[in-house]
Amino acid sequence: MHIHIINPNTTASMTQAIHRAAEQQAANGTRVSASQPESGPVSIESHFDEVVSAVGVAEEVLKGEREGGIDAYIVACFGDPGLLSARELTRAPVIGIAEAAFHLATLISTRFSIVTTLGRTGIIAEHLLEQYGFRHHCRRIRAAEIPVLDLEHDPDAAFKRIVAECCRARDEDDIGAIVLGCGGMAGLTQEISREVGIPVVEGVSAALKLAESLVGLGLHTSKHGDLDYPRPKPFTGKFAALSNLQPPRQ
Amino acid sequence: MHIHIINPNTTASMTQAIHRAAEQQAANGTRVSASQPESGPVSIESHFDEVVSAVGVAEEVLKGEREGGIDAYIVACFGDPGLLSARELTRAPVIGIAEAAFHLATLISTRFSIVTTLGRTGIIAEHLLEQYGFRHHCRRIRAAEIPVLDLEHDPDAAFKRIVAECCRARDEDDIGAIVLGCGGMAGLTQEISREVGIPVVEGVSAALKLAESLVGLGLHTSKHGDLDYPRPKPFTGKFAALSNLQPPRQ
Amino acid sequence: MHIHIINPNTTASMTQAIHRAAEQQAANGTRVSASQPESGPVSIESHFDEVVSAVGVAEEVLKGEREGGIDAYIVACFGDPGLLSARELTRAPVIGIAEAAFHLATLISTRFSIVTTLGRTGIIAEHLLEQYGFRHHCRRIRAAEIPVLDLEHDPDAAFKRIVAECCRARDEDDIGAIVLGCGGMAGLTQEISREVGIPVVEGVSAALKLAESLVGLGLHTSKHGDLDYPRPKPFTGKFAALSNLQPPRQ
Amino acid sequence: MHIHIINPNTTASMTQAIHRAAEQQAANGTRVSASQPESGPVSIESHFDEVVSAVGVAEEVLKGEREGGIDAYIVACFGDPGLLSARELTRAPVIGIAEAAFHLATLISTRFSIVTTLGRTGIIAEHLLEQYGFRHHCRRIRAAEIPVLDLEHDPDAAFKRIVAECCRARDEDDIGAIVLGCGGMAGLTQEISREVGIPVVEGVSAALKLAESLVGLGLHTSKHGDLDYPRPKPFTGKFAALSNLQPPRQ
Amino acid sequence: MHIHIINPNTTASMTQAIHRAAEQQAANGTRVSASQPESGPVSIESHFDEVVSAVGVAEEVLKGEREGGIDAYIVACFGDPGLLSARELTRAPVIGIAEAAFHLATLISTRFSIVTTLGRTGIIAEHLLEQYGFRHHCRRIRAAEIPVLDLEHDPDAAFKRIVAECCRARDEDDIGAIVLGCGGMAGLTQEISREVGIPVVEGVSAALKLAESLVGLGLHTSKHGDLDYPRPKPFTGKFAALSNLQPPRQ
Amino acid sequence: MHIHIINPNTTASMTQAIHRAAEQQAANGTRVSASQPESGPVSIESHFDEVVSAVGVAEEVLKGEREGGIDAYIVACFGDPGLLSARELTRAPVIGIAEAAFHLATLISTRFSIVTTLGRTGIIAEHLLEQYGFRHHCRRIRAAEIPVLDLEHDPDAAFKRIVAECCRARDEDDIGAIVLGCGGMAGLTQEISREVGIPVVEGVSAALKLAESLVGLGLHTSKHGDLDYPRPKPFTGKFAALSNLQPPRQ
């Protein structure tokens, strides 16, 4: 089984960190690869960053489809940028790390809180909770107010602030579990969990397991209805390479 | 990894069928066992049947905890009877087959329909959809109007009716996937899927994969807050054996 | 008119207290009886306790139906355990004390808060509010953090803590009424109400009045659709006596 | 106990019919009176009719408060016109017949449909269902398309159309009970129920019983918060008599 | 284009202030007129005040229709009293100032708070948010706890309290914009906005612009379905003048 | 006042048609300009098309900001692609045509239906309705099943199918208005409306009026909170030009 992780931002070191974290969780027989788009923002901290990164996600899926052999994709940014678009481009399952974390959190607790990086991205999580159906399962969205790349540049300080916010969530929010709201926290989950002492769900590993689950069951993205392959058509300018994508013959 | 499936009804042949279906889907290294309660209804087709079976589920979890070595439990009836109660009794993850099927269906389609056995159990699924957050992801709950045990007694007729209802869902409901609404359909999933031609999600195998996922990630049922072990206390009469359950020393 | 109250826990002294509280509220011509299951937990403070008690509720309804002459049943635990199951077993109305309190509270205020015993049972009330439709009518679920049986063992201390929490609800929650979240508080309602100075709704008396209402109107539990009598079938083991229940001839 | 029914329209014969229907359902010891506003529409079939009738409802409550001795009020039009306003004007409970019917219907069935007079009033019921929390308990709002006063002028034809629509609801809507959506149907409930064969809930009698319930329990409309007596102030023109209403000394 | 503003209370000085505020915002070519009902409360601070004022709103619309030449109406009280009734009475668009403010606030922010006059009117706003669909877009309803007419009698003190509450909303509520919850604040918007430093949306001007928008597009209140002209019928007593209103010939 | 319309697809003839339709509706003194991205899909009929077009929308906003003098932007594709991202990039209001049409439709009717091009895009509208709060105001999403560019290539056939679907909506859906679900229908609104005979709301003109409204009121996109300018940062590859965008000095 081959699962490919797409880090939607273009910071290769973060891709590697995510890749490492995922490989540690992969089942025997699961091959994990990872890439980031050639083009896009170095971190995703706004709707604008997300919009640009979503194109990168699509391109990485298309690249994967051309190369073949990929059984599932993971979109490793907590806003799940371009998730439904990515699903249209392949029969393979595509899992977002936000949705993955939400799903698993509801299986081990009745209510959870999210601890994310910047407060301004809270609205993205809020919209996802609404769309996915988990609005009432999430008690609160909290932000440690650290820029995403500080997870790499100043990991100790970031770690402390995240743990502190997680502890506040544990003590004040009437919850059973915490969802970490950033792919960049993937490598820190075990340690955070140890400090906080209640289940901490992180999306990359959660998505990996959900991807393994779907592939294991032979379940693919439905091509009946609204996730079918996009109608082939011309694209112009710097997106010309996306023109007339032909769905695979089945 | 040892995953134990609890068939909440007391029909051993159905336990075996569910066990077989699950084993075919288990990952390498996953040991699957299955049992049914000593006491309870032979099938579950009403709130009343469910209420009684939920005690059996609890007792099977307690038995598993006494024996030890079980990493996760599955509650293999589509109403998820006694699910939150079971979660209180163990640190191991406990997965219901209805929730499992709903979760996976939303990962491969935007909207799904349920095809269940008897129409009168539709309200149980409806209440679960509300509680889990998937009310708007499910377009319609359909019933093939076959009693649960007919899945065993008259499998060919049952199969035909289920397939016919699935095809109607596919053609009329504006959906991408179908959720099979009965644990007893576990063995038929592949065939149904082949006939219907769109993704068909069945709960037993879905729950197995979610259980493998949580165990693989080291995630356990939260003991912080409302899923903590029940307070030990006396039980009377035929439930006296449930008295003064002590939470394990950690 | 004969209304039978089922105290779902097995503490006879609590049954008596509930019985007394109800009798004081009964209309002329209403006979109130009360019982508790032979088997089950001495108090209900978890999903697990609830699951076991729901069987007791069913058995008490069946006993009532065998004996005959009962016009309505009340399930006198704030989680409404086994309510829909009980409704399947009889044409008589069956009222839960949580639903009863919610319904009446919305008739005399626009928003209410709940004051219950232990915080861990808050999720049970939360799920009921969702299922019944009152999620937005309840501002907050508060817990006095007293075990249920302390209402009997240390009533003075319990009373003080409940009143204190009710006063906080009155002053902070932007509400018009308070719902008491435990059947064991039935005898204290008047006193609490006097201390708090705003309407306090208690479920046992509320359910009694709703039961009288339905019986008075000749309205019975619908046997058209999903609350019809369960299909008769074998039950095994300690539940064998539930086998092949025949719906009454009409 | 004295319960006063306000028929919000000004058709005295309809007031009498409602009064008669209510008296047949009243408990021993309950005195039922009824009135209609001096000013207002002869029937209520639009938002506009409702707005005007709501003033009449307020005036009838004020008249009742001046006369004294009334323990509860009923607003006997299915749109519950002026209900919250009426509650502000008195400590006595005030019950609307729509809310009353919805509440009782959810106690004897899991889902219901409404059969009302004119389709154009469906939106009024829809808004009430939303506000009260019963949106998902009501499967469908159906109209017999008969003007309200035809219930008086051509009762036989009206009866036939209502029964026909109720039967369609019973057979097509996956429900357990029917709510009659017009106060003018109060006298027909028994007969309709007999024809349709499933529980039929009518609001006038339902409201009577809920009023008896609240009075019996000593529960009054909360004067803590947003249902408190209106601040006294000048009213001009034809509403000058409403000026400077003083809340009663308590 | 002629837009007529109805101040639902009877305080002419407030009508003038609203009129002035609106005229400052009117487009070239828009004529703005304003009136208040002949009969009704001098301010609207309760459901009761609202109910009476809604009749005045209807009468002002009817007067406008008789006189002719009005292209749109505005109902200038934050509870939108009698809005749907007013829409029934005319083909012209009718806009409430609460709905107008909500609509525009969601176009410039993702979440907003409301700052209103008296806390007791919060429930009115809450019900409107539910009916209009904006429940989740509003983080919090805050009250400056000033009676409506104090906006006229003691404007400086009122201004300070409103600004203080707006600043708390800005700093504590995780919002992007503030909605002013009273028509009487129309003249203060600019100044408040300057003090608070984030977008402040006021309903009168918002409604004016929405009215201009609809008229500009040739969109009228739908007469297909539930907003059609009311069925003509007799009205009695002081409302006799409302009898047998004939819809205009088209 | 200068309002700039961004047609998110790259078909210049469609931009011109939209421009023409908008200019006909513009107020005196409103200058309307229009453009389409240099790069992107020729039509938008899938999540994938949408994702790519959202970058074009951002780039067109950035171009507008560099050039200066634009008071508001319109995103003229019914899925509102990149709307929140666009709002981050400017203080000017940005209006999507789907949201605009929904907002105005609720002002002239209580319930509406959408008639769109391809059924597969229905899910996009469904998600927007949820996010904006209009889920319950929309009765049904209907598709004429015509590809977007057929609106240009075969306008007569397209027109007939749209009208036919609108008439079905009018007759079957219990609605007061219809929302046209494609920017390409802008030029046809008047004619469709004439054929269908009930209010038909089209998004381009609706958005134009809402943009005029906000600009007229001096309301800008909130820069307090989550719509603030994105944090400047490097972008790589073909998006390098988006690097280090500096918010304007204020």
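A few comments on the model shown:
Just so it is clear, A, B, C, D, E and F label the chains in written order, and each chain counts residues from 1 on its own.
The rule is simple: a residue touches a chain if its C-beta (ideal position, glycine included) is under 8 Å from a C-beta of that chain, and two chains touch if they have at least 3 such contacts.
It should be emphasised that the depicted structure is a prediction, and the values quoted were computed from it without experimental measurement.
The angle of the rotation superposing chain B on chain C, based on CA atoms and rounded to the nearest 5, is 180 degrees. Centroid to centroid, with C-alpha atoms defining each point, chain D and chain F lie 44 Å apart.
Inter-chain centre distance (chain E to chain F, centres taken as mean C-alpha positions): 27 Å. Taken residue by residue, chain A touches two or more other chains at 84, 87, 110-111, 119, 122-123, 130, 135-136, 174, 225-226, whereas all remaining positions touch fewer. Taken as a contact graph, the chains fit none of the simple arrangements: neither line, ring, star nor complete graph.
Of all possible chain pairs, those that touch are A-B, A-C, A-E, A-F, B-C, B-D, B-F, C-D, C-E, D-E, D-F, E-F. Chain contact summary for the complex, chain C toward chain A: residues 119, 122-123, 130, 135. Contacts from chain D toward chain B in the complex involve residues 110-111, 136, 174. On the chain A side of its complex with chain F, the touching residues are 10, 37-43, 45-52, 54-55, 57-58, 82, 84-85, 87-89, 119-123, 127, 130-131, 147, 225-226, 228, 230-231, 233-240, 242. Chain C makes touch with chain D in their complex at residues 25, 27-29, 84, 87, 93, 95, 99, 103-104, 106-111, 132-137, 170, 174-177, 197-199, 201, 205-206, 209-210, 212-214, 216-217, 219-222, 224-227.
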